[in-house]
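Read from first to last, the chains carry the letters A, B, C and D; within each, the first residue is number 1.
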Amino acid sequence: MKKIINQPENYVNEMLEGLYIAHPDLITYTNNDLRCLVTANKKEGKVGIATGGGSGHLPLFLGYVGKGMLDGCSVGDVFQSPSAEQMLAITKEIDSGAGVLYIYGNYNGDIFNFDMAAEMADFEEDIRVESVVAGEDVASAGPAAPGEKNTRRGVAGIFFVYKCAGAAADAMLDLDQVKAIAQKAAENVRTMGVALTPCIVPRVGKPGFELGEDEMEIGMGIHGETGIRRGRIEPADQIVEEMLDKIIADLPYVEGDEVDVLVNGLGATTLDEQYIVTRKINDVLSQKRIHVHKYYVGEYVTSLEMAGFSISLLKLDDELKKYMEAPAQTPFFVQL
Amino acid sequence: MEIVSLVRFLESADRIMNENREYLITLDSVVGDGDLGLTMGDGFRAAYMCVKDGTHTDAGKLLYDAGKAMSTAVPSTMGTLMASGLMQAGKALKGKDSLESHDWIILFEAYFDGVANRGKAKIGDKTFLDGLHPALDALRSAIEGGKTLEIAASEAARAAEDGFENTTTMIAVHGRAATRGEASRSLKDPGAAVAALLMKAFESSLVI
Amino acid sequence: MKKIINQPENYVNEMLEGLYIAHPDLITYTNNDLRCLVTANKKEGKVGIATGGGSGHLPLFLGYVGKGMLDGCSVGDVFQSPSAEQMLAITKEIDSGAGVLYIYGNYNGDIFNFDMAAEMADFEEDIRVESVVAGEDVASAGPAAPGEKNTRRGVAGIFFVYKCAGAAADAMLDLDQVKAIAQKAAENVRTMGVALTPCIVPRVGKPGFELGEDEMEIGMGIHGETGIRRGRIEPADQIVEEMLDKIIADLPYVEGDEVDVLVNGLGATTLDEQYIVTRKINDVLSQKRIHVHKYYVGEYVTSLEMAGFSISLLKLDDELKKYMEAPAQTPFFVQL
Amino acid sequence: MEIVSLVRFLESADRIMNENREYLITLDSVVGDGDLGLTMGDGFRAAYMCVKDGTHTDAGKLLYDAGKAMSTAVPSTMGTLMASGLMQAGKALKGKDSLESHDWIILFEAYFDGVANRGKAKIGDKTFLDGLHPALDALRSAIEGGKTLEIAASEAARAAEDGFENTTTMIAVHGRAATRGEASRSLKDPGAAVAALLMKAFESSLVI
């Protein structure tokens, strides 16, 4: 394991200490607990937005706390959920009477804890909490049948949900309205990823799986969950075509649609490669007459030092577009 | 019964889970990520530590607080589910300062509901519930049939163990094991093993 | 070689195509040559600032072209200098009568070509050009004796030079003044890096060197140039101490100084690790009573998918501080 | 002499550099990154292509343009240095529409200065200059001694070759080879090999 770390047990807390040192103007913590991260710029009367999840995905989750996006984030160990109590502490801190919206990924540990926190917030603190769960990885499961639970994993597309909900809250919409916008964003985003190498959880010290010297896995999840297929690594254009085929057919995105596109590096993949991918996405979408409103390219949701990338599409309407365009300032995302 | 019997139950759960750390790790290593021995050992330790000083006077509050302590200590899948069970049991027994035999039925029914509500699993999904459910039936019919609590607990523990063994007839639909589909069938469910240990802890907490 | 690419020959141009697709509001190109990148927001009357260098270092160099920083960047093949003619084309495009400042790293190929471009700009176009060469890697050579040429490599510290010079030009200072500020920034910055893994130039297809499974190289350059020492990988805190010792003693930075700090990931090293490093830097600098004005943490200058990081310190005075704090908006760096 | 002799010189340089691609690659692979055969082959090809149509009437402009073409084609260390040499030679011969023997001295002196100004290397630094410098001396003294241009060129070519061989007495202080310090001494300098090839090209361009 080649990492610049000290004791693996201290990995998350030392990372957090560094984060507070670097961004004192934007973030702080509550409850005397480094893992209860909240905005340093609380806006009174606004709906609070909280997220949370395991570490190892920076800039996700905590990196989107700041102005115009999220208000709080509970931080777990690497790839492990934070606790309901930590979520509750944040909920109390960021509520200013308008209620709190939880936005998080579709993972059991997170769901159980956020549900518990929501119950405690209601039961113990009389804070109204609503939740929106992002689950948009088309490789992780089929679409949910009507009335059935969505079993898809939430991955990089959650960035779009944060952005839209954050801007809506910032515009002082009420909890139901903010939730409706988050829900709309979540329903209109689809993602798929590809992994080239595994990553190593510091306390484990060895890769969770192996990939052959010339192998890739299309559809792999950000904790190494099994994807759609393994095969020899292919040219970038071919990989992008396969991924976009699946993504586009799923919603489906159709001729005349307008989308925002997120090209997301998983950790070790260079920006060069991400732009090579961007170029091909633009080709494919132009051919299908799907209009791109804006590209976001870079590391938005990583899986430690995994090599690979994901593509997310968000179908826009005027409302989502307005919220996507709104300014934001967080440690990892600044938009004028 | 005094509510100290609840403290003894949690003490016994702490001891038994920690005696079975390696056993649970081994079970979970086959189908999951192998952390179950650590999370159950640490989780029930935290639950017991929270109540061991004996200052609780409300049975419901005792269980609720124990559950919260567990959830804070081990926010993993089973950690949160067990915490939800304890907290729900706490809500059900709220206000009681002593326990009848029948209250143990209420306790485990609520525990079951807490886990089921939190995890949305159904009987037969190859989870903790498939260990607890037969135990609950056994407990209920033994007590309603007039047997002593000690005998009822012992029958419940045996039923939980049977339920655990019986998970090899099921396909996992939740958590990491679910990704294996049909291949998960032949494997025993680690969560159901926790149910068996929990009922064993109940049984042994009555034998002083 | 595990990369998301097409033909290695097309690596740089396809990357550039993607870049123009993603950032049409900020950058464009001149001379009908993708590799002659210029700002899309030319500000008349302002001193133009150009940089350039080999590809493979994104966000360096091109990522800092935009508002409040650079005006143009010529782009070479991976780890290869662009040509003097490309630099000249950019010089012509970004000059608006106030002259042009070149800021680039201390590498022979770049020096030769920028010098040639400067001569051609003068000789053929009557454009006044001045140059500032960044060379601040304390591991690459000893300090230059008075009157001697600086033989140190320029690495991540050039970001500070860009930022200060860009803000000075944006404030409509004249060429000599902008040059003086760039020079002052260059003289007050020191950098050192450490590498954990090599990287692969796409057209070469295999690593340029090897590092053992538990080895690191302190002081390695961003093209794999030999560093100060190789050894077993050590805890993060120990590595940071060794690097800071060398950096601090070199300028030297002393008690009471105020600095900006850049913690720079080389490609595959996670943000988590970069923040663990930040925490330790803060410890060491606090002990030495060197005051940190601001931390910049992230990938600013990479070496393809190399694992490792570098630390840069910029000693501030009121003037540099003012320019560091000025707003900027480029594809890779936004500051409000 | 007509200025077409300059076109012939560049044609000959193009041919000889390309004939020696592998030789230069091999030399540069030992001390550098092995690209020298490619850059010199492509660079002198570009220089020649730029002037081969014979439309240039000004010797200086011809050399300057050839240098620019080279610098655009191969912006590597040696590519830019050779371009600088040609461009400096162009400046020195600006306005001439024919060449005396003495103009070749001016040409190579300017070429030397162009490379030296650009690269800031000194004699003895184990570079291209250590191949060109003795050739320049030989050329100058042969022409000033009244020998024919053909003989002078041939003596210059031999001197360049000797200069190249002689680089094994020097320690590299520029470029990639410099990182080897004392260990660079026993190796022949690839840039000096280019000087030898360049003078050989000059020699053979006179023998039609």
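As a convention for this text, a residue touches a chain if its C-beta (ideal position, glycine included) is under 8 Å from a C-beta of that chain, and two chains touch if they have at least 3 such contacts.
Since this is a predicted model, take the numbers as computed values, not measurements.
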Checklist entry - From the centre of chain D, which chain's CA centre is farthest? => result B
Checklist outcome for this item: When centres are defined as mean Cα positions, the distance from chain B to chain C in whole Å is 58
Next on the checklist: Taking the mean of the CA coordinates per chain, how far is chain C from chain D in Å?
Outcome noted: 33
Checklist outcome for this item: chain B and chain D have mean C-alpha positions lying a whole-number Å distance apart equal to 86
Item to check | In chain A, residues with contacts to at least two other chains | outcome: none
Checklist entry - Residues of chain B that touch two or more other chains: which are they? => result none
Checklist entry - Hey, how would you classify the chain contact layout here, line, ring, star, complete or other? => result line
Next on the checklist: Going by the touch rule stated at the top, which chains touch which?
Outcome noted: A-B, A-C, C-D
Checklist outcome for this item: Per the touch rule, the chain D residues reaching chain C in their complex are 68, 71-73, 75-77, 80-81, 83-84, 87, 118-120, 174-175, 179
Checklist entry - What residues of chain A sit close enough to touch chain C in their complex? => result 2-7, 11-12, 14-19, 21-23, 55-56, 58-59, 63, 194, 196-197, 213-214, 216, 233, 235-237, 239, 267-279, 282, 295, 297, 299, 302, 304-305, 307-309, 329, 334-336
Checklist outcome for this item: The answer for chain A against chain B in the complex is residues 76, 80-86, 108-109, 112-113, 115-116, 120, 149, 225-226
